[in-house]
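Same chain, two partners: chain A is paired with chain B first, then with chain C.
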Partner chain A sequence: MRREAPQKFTDYGPLFFPAGMLIVFFVVPFATMIAVSFFRRDPSGFYTPDFVFDNYARFLSLFFGKVLGFSLFLAVTVAICCVVLAVPFTYLLSRAKRRTQVLWLVALLSILSLSEVIIGFAWSTLFSRTAGITNLLVMLDIMNEAVALNPSFGAVLTAMTYQALPYTVLVLYPALVRLDPTLTEAARTLGASPIKSFFTVVVPALRNTIVATLIMVFIFALGSYLLPQILGRPQHWTLSVLITDQAIYQSNMPFAAAMAVFLVLVTLGLVALTVIAGRKGEAA
Partner chain B sequence: MSGLTLQNIVKQFGQFTAVKNVELTVPHGTFVCLLGPSGCGKTTLMRMVAGLDLPTSGAIKLDGKDITNVPTHKRDLGMVFQSLALFPHLTVGENIAYSLRIRGVGKEEQKKRVDELLAMIHLTGYADRPVAKLSGGQRQRVAIARALAISPKLFLLDEPLSALDAKLREAMQVELRQLQQRLGITTIVVTHDQREAMTMADTVVVMNSGEIRQAAAPVEIYRRPADTFVADFIGMTNLIDFNADGSGANVLGASVPGLAIPAGLKSGIISVRPEDVHLTAPGNAPITGTVTFVRDLGGTIETFVEAGGKQVVAVSMPNARPDVTVGQSVGLQLNPADCVVLKS
Partner chain C sequence: MRDILKTNVSRRAVLGAGVAGASLLAMPAVLRAQDKSLKVGVYGGYFKDSFDKNIFAEFTKQTGIAVESVAEPTGEAWLVQLEQAAKAGLAPADVSMMSQVAMLKGQSTELWAPLDTAKIPNASNLIDHFVNKYPDGRVAGIGAVAWYITLVTNTDVFKEAPTSWTALWDPANADKLGLLALVSNSFLLEVTAKTHFGGTNALDTEEGLLKAFEKLAEVKPNVRLWYRDEAQFEQSLKSGEIPMGQYYHDVTGLAAKDGQPVRSTFPKEGGIMDSGCWALSRASQKVEEAHTFINYMSQPAIQALLSRKVGTAPTVKRDLLDLTAEEFAAVSSDIDPIIPRYDLYTSKADWLNQKWTEMIAG
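Let's turn to the complex of A and B:
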């Protein structure tokens, strides 16, 4: 069916509402943030309108470079962990009985209802020396004495993966349910073991979905600022933590805005690179 | 012995028995069609041969070796699925080469075999096309080529032609049969289409509610059905009650001489194909009836006759067009040799 291009101004009518919402809730705040990032900080008050590059210049230091690098590394690691765990899990879930599927999905959805603060403190208790999971291992004679597992990079990674995993599963689930189950059966009749058929048929057939999920979890993890503070040492703090710190505790709105804008630009760049690389891979 | 042997195969899904005590021997190089209405267990039986389902009890033997518990990927099969199940992320050539790649065959050899198979299915030069760009018939051929890439011991096809339109389906049936004869490969096809089964098979296995009702050559199935289900399922037939009283049989209110009724059988059913019911002038035949409808299809003429409270259909060819009209009284001539006596 060929659709006719809109002729009159009123033909664009259905777009007015979403366009309005986007302008009010996205374009205006983002433009404000960009504008503020060029303002001058007023140490005695808030900021004064201006057009200076000081905020960006200050950001271009080894310290912030390292934080940015760590933030990206953490987000990429969380995304990879989530996808590596979620793809096989969701695949098995999609092949399970209807009842089992519903129970798991309800459980996963209930994780989404937990706030980041609760997740953070729950994990910090689980990783603590006095009440943590190492006590269980001591009871089972696997370890000699209980140790504290946080603050550490592992603790931050675990909690962030835990938080992002339900989203990952929910994004992968529809694609895996739609995947024709006879594809893996066909692979098996052609001589592939079940594991081989998973890696040669299921994963490649879901390539685009997996890439999209990686990007989604990556962006989701990039915004996390509570878990690194609760479960990590200062060197595990992400750029989001520093942005919060500057904006709320140091009252340095222009610098916080500059960092946020920079983070958005880097993120967009990385996503664009991934998409381009994905297209190239498809053409090959 | 060489070939496939199924011994007392039973498959239960919970309380439901999908396949009941199936015994079947498929000699090496033969073409067998599993034919039956939907839900008769034919697909389940094939899935057990493929190893995709495990039988609840019984044994499956291939060339004398018990393969009942051998996993699918070690059975050296080729299977064509109803949905075809071509891998959407691979090209035509990669799809066909999949089983070779999995077995670690070298790239050069893979390419050689793919070209060979593409030539066999008349799709030379299609190796680099994406599967999505092919027509239904072409995909069908690719699925067949993919299944045959390793020269499997068994070639299984589950309703392979059901997605094609009628004309293409008939052409593919002939092509598939010729291919099978050229390769001499043991082949099992699941179908609900009796024309398909009659066209292709050496042996037609008629199944109903999990049981094999008859396994025989197509003509035998048609001419000598084993029971009323087979007689009714394969082609058109007239199933007529009869009573026997030692001397002869009473059919449709008249005595038909010459029917070979097994001793002791007091009543039963005779199956007589419509083309074996001959219309004559009333009085020239033992059975008399009234014409109720004439369906002239050009190629054949079906005459519906009511006799003894039952409806009987007679089919005639155009060169023997019966000169009858609705309401006319006619005689029905049945040749005893054409009648199959069945238990009711």
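Let's turn to the complex of A and C:
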């Protein structure tokens, strides 16, 4: 089937609805947020329309730099953990029996139905001293005494990886299912071990998918604000936590908006860098 | 009948039945209740449930005004929502229970419709500082309830109750405390000032505040959890996971009554006394009903009922109340309370917030 370029104005018709939705629910709110980030903050109340850079100036400090740095580090770590876990898992899953695949996918999808709050509280119970998993280890005589595993960086990382893993698998799954099995068969025939063929054939063939997945999980993890609060110490609070504090508890919308805009810009910048680096790598 | 009116679906069902002529007698009651109604915002969860059960039903019976209670989040989230809605001419709730800081912030944008005390004769029962006024003297809010934040402990872990806020600084309590995460709801600067610097007047100057911050920073190694969400700390306190901290006196008392191993102690420096006001959104159309409601809530009998059933401290004068000494002690204390410096949280809000965040997260 040949695809024809749209000839008349009405040929664009099907685009109007999504474009309208995108404008109403994305462009307008985002533009409002950018506008608010330049408004003047009234400490005793809300804000007045203005054009000042105070909100951005306040953000440019060592303290917020550290928080931003930690947020990016956490999101990158979560993305890497998810991909490292999900690529081999999804590869094996895509080679499994149909029935096994369906069971796993249903189980993973059911995690998506859990809210962040439930995930946070469930992990905080699992990591607690009084009712947590270390009690099992004590029962099995592996540990002497039950200990609390949260609040800690490990607890935050575990819960966030848990939360993002289903998305990772769902994004990787179609690409891995479509992967031509003859590629690995050829590698095996030529004498490569299964592990070697996985790393030298499967992973390079999926390079673009893996990069795209990393970016998706990274952005997903960057927005997390509940899990760091529930499972982390204050030094593990992400920028999103501080944005929430400003918006909800301090009713400082201009500063919250400025931080959010800054976070979006940094994110877009990093994604652009990744894409550019990816292109260069391909050209080489 | 009131139960039927509670949900939209049943109300529709009742109306349908009425139209069908099956219950002609019920119709006028339904219409009247719909005519006179009031949306009241109260803190969600336990507070809202208690008000629904013990207060609102009786109010509707006596005045014919149906109350639709709205669960509001604590903190300033509700203030932001009310303000945004009022700009659009909407009122998600007509009357809301608001914190003192939220009252002051709402005042600056004229969010609160001024109340007419001539229509609230019972307002004269109140202790003076529970009447919240605009700088020019108009009444912005009427004290709804007061509550204490005290030093709470798990009785399994701490056999002896602590007697002073200095327990927060005790090195023996390393990694054992749960404290509120925000400068404007934990009031720990005031606690520090009262405990170590002779009173909250020490916070008058910036140097005084910095000294308090410095002293308070010494508590950090003892803190396991800085909580925004009350459920998170309450659960950990009950299980002994986090056996000490600051928490609400009323809720802790109820948990203890339920057999949980927790206790609330008024330290010798005093508990933190915070309070909420009834305030009317300027976007509300139900001005008359709101005045009737606030007047009803300011009766000594209702305040006593609240103390007994909800566990809040009364906002009306002690001598008007029929509470026994024991009942009074369950919700309040004769120890001079620590009254938060609400003025600081509006005049120096951002500075305090910045210092605070740097202190706990830095």
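Just so it is clear, the second predicted complex is superposed on the first by the 273 of 284 C-alpha atoms of A that agree within 3 Å, B and C clash if a C-alpha of one lies under 4 Å from a C-alpha of the other, contacts with A are read in each partner's own complex, and residues count from 1 in each chain.
The definition used in the following text is that a contact is a pair of C-beta atoms (placed from the backbone, for glycine too) under 8 Å apart; a residue touches a chain by one contact, two chains touch by 3 or more.
Worth saying up front: this structure is predicted, and the values here are computed from it rather than measured.
With both complexes brought onto chain A, simultaneous placement of chain B and chain C is permitted, the two fitting side by side without a clash. When the shared chain is aligned, no partner comes close enough to touch A:Pro49: not chain B, not chain C. Remark: in the superposition on chain A the angle formed at chain A by the CA centres of chain B and chain C amounts to 150 degrees, rounded in steps of 10. Of the two partner chains placed by superposition, A:Pro18 touches none, neither chain B nor chain C. By the touch criterion defined above, A:Ser128 reaches chain C but does not reach chain B. Number of chain A residues touched is higher for C, counting chain B against chain C. Annotation: superposed on chain A, chain B and chain C show a minimal Cα-Cα gap of 47 Å. Looking at chain A, you'll find no residue that touches chain B in one structure and chain C in the other. In the complex of the two chains, the chain C residues touching chain A come out as 75-77, 79-80, 83, 104-106, 108-109, 181-182, 184-185, 224-226, 228-229, 232, 236, 239-241, 346-350, 353-354, 357-358, 360-362.
Residue ranges of chain A in contact with chain C, taken from their complex: 41-46, 58, 63, 67, 121, 124, 128-131, 148, 151, 229-230, 233-235, 237, 242, 245-253, 255. Across the interface of their complex, chain A is touched by residues 50-52, 71-79, 81-83, 85, 87-90, 98-99, 102-103, 146-147, 149-150, 156 of chain B. The touching residues of chain A, counted against chain B in their complex, run 180, 182-183, 185-194, 196-197, 200-201, 204-205, 207.
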